[in-house]
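Below, chain A partners chain B and then partners chain C, in two separate complexes.
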Partner chain A sequence: MTENIFLIALVVLAIVALNTKKLRRAVVYLGAFSLVSSFVYLLYGAPDVAIAEAIIGSTITTVLYLVALRKYQVFSIYYANSANDQNLRQLKNEPPFLTSLEAFLIKREMEPQLIYSGEPIETILAQEKFDLAIHHTDQDIWIYGCAEDYQIDAVEEYLLANHSDLNIHLIRCAEGDDNEA
Partner chain B sequence: MIDRSEIISRMTGLLYPFILLFGFYIILNGHASPGGGFQGGAVLAAVFITRYLVEPDRCIRLKTLKTAEKVLFICIILYPAFFLFSTTANHSELTNLTYLIAMNFLIGLKVCSGFTIIFFRFAFYEGGI
Partner chain C sequence: MTFLETTLLVIAIYITLVLVRVILGPTIWDRLLGLNAISAKIIMSIVILALITNQSYLLDVALVYALLGFISTVLIARFIEKKGDIT
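For the complex of A and B:
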């Protein structure tokens, strides 16, 4: 009877770990999953395997995953340019404010991933998973970010301090579930 | 992990001797009860890994650990060879017991240093950022 309860708990924890939006929570659920599975090993009479599973599965792997998450934080930036043709031709070399923005993000231990998009900004806002979406028009630069992302404040402060000549407008969107980690 | 938590550092400081005791218990009782060199070594490595959570500095000496691991590996190979070929007569109960305990101990120390090296290499030197 106890075995069945813990086996059901295993399945539930696995499904929950798969369906969480945040990777950090999924790691914690995986740790709980391997703890329960080590208890199931104990119930089936394999204490050796249970000890190894409890130590490796729920301690070392969890810590390794957490360190890896902290090391590799991808920050995806969508860049849409709807200026006139002359500006579009200049797209081959990056605008200078994007280069300095990337350098700023690397300094904050993140990995900026720049995606040039030809679609209009509305479809990007509706469909893609982004951390920042940049809309470059003739005179203004519109930057869309999540309101719950704590990095946005630092990005805004940095851009206003260093590129105040560029007409940058920052808009915070309400959706926050799409971001990972 | 960046800002250190007072509670976590004090509690892990309290827990270190118990983790060490439990690890050596698992290693030294491996021949009679569940556990053994591998599991006990992993428990010992957990000491170093929790130490990284408390204060992530680079003052751990990886080179010493690497040489220790190599020396232990050579010991693990040589000791069974000597044990097998030293006496042709039947081994007594006591020599078998000491052989098992010593092998478990060597394997436990080697697994501990191996896990610690893997973890600190990953935490400090991989990823490039």
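For the complex of A and C:
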């Protein structure tokens, strides 16, 4: 009976850790998974394996995953343009603020990936996995980001300092929304 | 079913209840607190298992867990609070 509860908890945690969309949550789920799995090792009479799991599983892998999460580099930017002005609309050369934003991201050791999208901004926000979504209208530039993304603060500071003439608004999505990366 | 086995069963049920909070929890802090609670309950159940099977070396595992278990919690909390800067 007790054994079954722990085994079911193990399977549930493994499935949840695979299915979650945020990497930070997956780290927490994997910590709980390794805790429960080491207790299951004890139930089946393998205390030495349980000690190894306790040391490696719950300490070293957590540190490794957090360091890897910090170095996670690809930064995807969706760009949607709904301006009526034809000059702004043509996409032959990208707007200068995007070029400098990309240069800024490369300087911070990230790899910007710019995606021009013809779809309306609502579809992008609802369906795509993005780090930044930029909506360019006639006068304003709306930038959507995720509040828990650690790079957003730096990006906002940079844009406000260098492109204060562009009417930039930054909107942060709330935490717990599963749509963002 | 002896008293100790019943206690182990009750702790297992508690772990499943905390697991619901870890999986559903609206913010990352709820998940982290749930992880900490699961860690405490696992240590308790290891001690009770050592009592049931009468093997004192299981207590060593509980000791290692009590010493190392907080490190992952502290590191994840620091990672979130300092916005990705763990030093």
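Keep this in mind: the second predicted complex is superposed on the first by the 97 of 181 C-alpha atoms of A that agree within 3 Å, B and C clash if a C-alpha of one lies under 4 Å from a C-alpha of the other, contacts with A are read in each partner's own complex, and residues count from 1 in each chain.
The definition used in the following text is that contacts are C-beta pairs under 8 Å (C-beta built on N, C-alpha and C of every residue); 3 or more make two chains touch, one makes a residue touch a chain.
Worth saying up front: this structure is predicted, and the values here are computed from it rather than measured.
Novice: Could you look at A:L18 and tell me whether it touches chain B, chain C, both or neither (first, second, both, neither)?
Specialist: neither
Novice: Scan A:L64 for contacts with chain B and chain C and give back first, second, both or neither.
Specialist: Touch partner of A:L64: chain B, not chain C.
Novice: With the two structures laid over each other on chain A, which partner does A:Y29 touch: chain B (first), chain C (second), both, or neither?
Specialist: second
Novice: Looking at the overlay, does A:L43 come into contact with chain B only (first), chain C only (second), both, or neither?
Specialist: A:L43 contacts chain C only, not chain B.
Novice: Which partner chains sit in contact with A:A103 here, chain B, chain C, both or neither? Use first/second/both/neither.
Specialist: Neither partner.
Novice: For A:I56, is the partner it touches chain B (first), chain C (second), both, or none of the two (neither)?
Specialist: Only chain B; A:I56 stays clear of chain C.
Novice: Report for A:I5: first if it touches chain B alone, second if chain C alone, otherwise both or neither.
Specialist: second
Novice: Looking at chain A, does chain C or chain B touch more of its residues?
Specialist: When the residues of chain A touched by each partner are counted, C comes out ahead.
Novice: Return the residues of chain A at which the contacts from chain B and from chain C coincide.
Specialist: Shared contact residues on chain A (touching chain B in one complex, chain C in the other): 47, 50-51, 55, 59, 63, 67, 70.
Novice: In the complex formed with chain A, which residues of chain B make contact?
Specialist: Where chain B meets chain A, its residues are 1, 26, 34-36, 38-39, 42-43, 45-46, 49, 52-53, 115, 119, 122-123, 126-127, 129.
Novice: Enumerate the contact residues on chain A facing chain C in the complex.
Specialist: Touch residues, chain A against chain C: 1-2, 5-6, 9, 12-13, 16, 24-25, 27-29, 31-32, 35-36, 38-39, 42-43, 47, 50-51, 54-55, 58-59, 62-63, 66-67, 69-70, 148, 150, 153, 175-176.
Novice: Okay, in this complex, where on chain A does chain B touch?
Specialist: It is residues 47-48, 50-52, 55-56, 59-60, 63-64, 67-68, 70-72, 106, 109, 111 of chain A that touch chain B.
Novice: Help me check something: in the complex, which residues belonging to chain C touch chain A?
Specialist: 5, 8-9, 12-13, 15-16, 19, 22-23, 26-28, 31-32, 34-35, 38-39, 42, 45-46, 49, 55, 57-58, 60-61, 64-65, 68-69, 71-73, 75-76, 79-80, 83-86
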